[in-house]
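Below you'll find a set of structures to go through.
What follows is a pair of complexes built around chain A, which joins chain B in one and chain C in the other.
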Partner chain A sequence: MEIFGPLWLSVQLALVTTFVLFLIGTPVAWWLARTAASWKPAAQAIVAMPIVLPPTVMGFYLLILLGPYGAIGSWWFELTGSTLTFSFTGLVIASCIYSLPFAVQPMQNAFESLPRQMLEFAWTQGASKRDAFFSVAVPMSARGFVAAAVLSFAHTLGEFGVVLMVGGNIPGETRVVSIAIYDHVESLQYGAAHQMSLLLLAFAFTVLLGMYMVNRRWSLR
Partner chain B sequence: MSGVSSIRQQLIPVQHRASLGSFMLDVDVGIPAQGVTGVFGESGSGKTTLLRCIAGLETGSGTDSRPPHERGVGYVFQEPQLFPHMSVEGNIEYGRRRAGADRLDKDHVVEMLGIGNLLSRKPAGLSGGEAQRVAIAAVLLRSPELILMDEPLASLDQRRKDELLPYLDRLHDELSVPIVYVSHSIDEVCRLCDHLILIEDGRVVADGELHAMLARLDIPMLTGRNAGTVINATPDRHDSDYDLTLFRFSGGELLVPGKYDSTIPNMRLRIAASDVSICRTRPQKTTILNVLPAEIDEIQPTGSSTDLVRLAIGDDLLVAQVTRRSVTNLDLRKGDHVFAQVKSVTVRR
Partner chain C sequence: MPVRKLLLVAALLPGSLLADDVVRVAVASNFIQTAAKLTKHFSETTAVSVRISSGSTGKLYAQIINGAPFDVFLAADTERPRLLEQDGYAVPGTRATYATGSLVLWSRDERLRGRNCREVLQRGDYNRLAIANPETAPYGDAAMQFLVAEGLWQGVSSHVVYGENIVQTLNYAATGNATLAIVAASLMSYPGLPSTVCMWRVPQSSHAALNQQLVLLERAADDEAANSFVEYLRSDRAAAIIERDGYTVVR
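After this line comes the complex of A and B, so read on.
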């Protein structure tokens, strides 16, 4: 039980984050792939920042932003009466920002490789822009969506620094698997740390192997 | 040269003004609501831009602000844009499902373009010509009110072109949907089109009925190496000894190498100006088979070494490219009765 509680929480967090990132990341990636706006590089840089920033830096700013006196946190507190920091909801928000580039970039690459004339053909064949997006762009970008899902799921599962800063270590609420492992090591419970680490190691390998195998099948087709 | 088409044509107004970078398109022309209208011009003259404006793919200031899918305009791209994740059947169903009304019977279109055996295939496995036929079928089944074709043969090699052309002939003969056909090949235009719009630097230089346009001597684009006319003629009988077919037209007879089906009336014969020469008297011993009495209709001095002479033969017109020196030596004048020697005739259809 002590093993599966944090693991299940991690999986829940990763699933919810992946789902939210699909909703947010898809339009962002579509816009980035097709815009000619002069501030596109700036937008790209902002999206990519979580890749290079130390998680503690992101966690620090998120802690301030989501805290009861922060811009988002105080608004949330007024709305719901609870704080965002040290809560599961807060973790979801933090994870979405932290994993955003891992969802956006594969989708953006897939959208950018769509031939522009193919969408124009769809439009002149009677499809509205929205219709053509779902009937042509999405199925043709399936690989990008799979990569985005796998990467944001796996990346969220592996996060540590941001969670520690924003979520702390509340069992059942914010005590995800990476925190639990850290905790076990701190208290010299190496056996438990081993079990969880091995599980996570196997899981990460399986997920990535699966993705690359699917990719290979696709490219051979 | 107006008044050739006595039937009053209904025209689809096309007005577009667009500036793309340094290029300006400024077009105000009517497209006949029947038949195939060729848009002819050099590359970079704005032919494709004009089509894109008509389809709503380019946001210029046109008369129409509707998005592409509401315009009822089908577009055949130079490179067929089939959806790779669907079968051929899925591709032709895509526009049909969104069309609302079936104007054309699906089986008929499939048969007309000869794609019945391709329906379950994926686009990736098709040859260029097959893919273009599928694209054309898909556009037809979208039931458009106007079809735009942007050099649909340009990406194909000569063999594939020859393979696809008969299908385009069938469209021309069997369809009532008007087609705008962009090309920079005068041969394709002579074969497929009924009307011609000439465009240069984003502007319409001239437009009108094909035969009449080709007989004009005042348009630089249609003189030079493109000079020549099209006459309609009916194959009469085949001489199997010499493999020649006798064609009848308003001005007499023409012998053409090869065998042509005499059940097809009004085939198009293309006679290039460089293949026509003029004699004052009927030449007696000549290797040229076709010598026709003609009347000089007009002489267009070009200022260079060659002049263009238009000849009336029956109701038809030929253009001859002759040297200015010969015009002076033979003292050719408008109204003179002469003989035209036609060295070569190409059957366009």
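After this line comes the complex of A and C, so read on.
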């Protein structure tokens, strides 16, 4: 019974997605936290949309967009000769969009609660903006970063609808654990479905418990 | 609560909760188009309304044995209806073959213009081939049997993507995400389908017959409307509609 294949694939997807979201999400969150631009609410709304939108809406658009006739997919197709849909890379793109708010929002909250004087003090002491960001803002926002990492990772692991629509269920490439469970249920292999589901249940509880315990310790400090 | 308010609430409730002249039918995805035509015809002549839910045969089966409120099951195989009958979920003796399907290899990809689909499949110079999940969808199982029988399975397995049901499989090719798809021939009349660039009929001898059976489910054993719908499905008038959509019907 292949249980660990799909599970490992999901973990890989979640790790890569979390990493990419740190690269993309940090500057976005920093900008959102500090900007006074009139279109900040619009930017915030765009970032938060995946929370509200049904996965089918995202899956549908991505199927078109990443396909060989789509804006992104056609370009990728020219470059590599294969489509982005039905590929691990495609799932990473989909997951980054799907989990974006779960990375950006905790970071943004953390940045917003930074005392402005701290940064200004660092600047007056001759630190460059970049230095001040990495030596003052980042350590002081550790809690936000931890929350962003945990939530992006866990939310990507729980992804189903989008993958069902753009994944194509390829073992080792796009058959992630949620899809494998769905298949097992549909083909009445309840034993395998139970094993995988129980593992995920335990995992979800452990991760969230860990996060809330860390949170509590931090707030007691 | 005053009666008037109660009436108002009742008017807002879905009809199914009030009257029971509604037949709930679970339909395998490949048959959804035809089922819609049949129910329209049936409803016009009897004033019974029919509600259709569609999905892969495997999913609908799993839903039925877990208590889904369906009255009639139109499967895409004979195996699930047989199991339902055997395990007491279906009314004994109501199991019948209502249609026999076939497969086509299909593409809308302009790059295949003027070429033979079958040859493209053979030579492997395409990107992705979509078939329905053989584990859950009978048309996917038949597609796989064909590929194995022709000795193509080894070659295509690195190209294959799996649709959750036969309509999603067609969607993969209709959006161009897969170059080729092996789908039910009946789907070729799907409205909104992009125009065909190449199509090849898969010989029915290359896979087990795609006999599709129906059963009356146990909860509707004494339901007159459901019984009359099953009776209608086996009538000559229904058979004519089914045949027009590309199936064979044994009368």
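Everything below uses one rule, namely that the second predicted complex is superposed on the first by the 220 of 221 C-alpha atoms of A that agree within 3 Å, B and C clash if a C-alpha of one lies under 4 Å from a C-alpha of the other, contacts with A are read in each partner's own complex, and residues count from 1 in each chain.
In the analysis below, contacts are C-beta pairs under 8 Å (C-beta built on N, C-alpha and C of every residue); 3 or more make two chains touch, one makes a residue touch a chain.
Predicted model only: the values in this text are computed from it and were never measured.
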In the superposed model built on chain A, check whether chain B and chain C fit or clash. fit
Which of the two partners, first being chain B and second being chain C, lies in contact with A:Val185: first, second, both, or neither? second
Looking at the overlay, does A:Met140 come into contact with chain B only (first), chain C only (second), both, or neither? first
Is A:Pro115 touching anything from chain B or chain C once the two structures are fitted on A? First, second, both or neither. first
Contacts for A:Thr124 in the overlay, against chain B (first) and chain C (second): which applies, first, second, both or neither? first
For A:Ser38, using the defined touch cut-off, is the partner it touches chain B, chain C, both, or neither? Pick first, second, both or neither. neither
Superposed, chain B and chain C have a smallest C-alpha gap in Å of 51
Residues of chain A contacting chain B in one complex and chain C in the other: none
Please give the residue numbers of chain A that touch chain B in the complex, ascending. 115, 117-118, 120-129, 131, 135-136, 139-140, 142
So in the complex, the part of chain A that touches chain C is made up of which residues? 63-64, 66-69, 73, 81-83, 85-86, 164-166, 168-170, 183, 185-188
For the complex, which residues does chain B have touching chain A? 55-57, 67-69, 71, 73-75, 77, 79, 81, 83-85, 94-95, 98-99, 135, 138-139, 142
Any idea which chain C residues touch chain A in the complex? 56, 58-59, 61-62, 127-128, 130, 133, 135-136, 160-164, 168, 171-172, 175-178
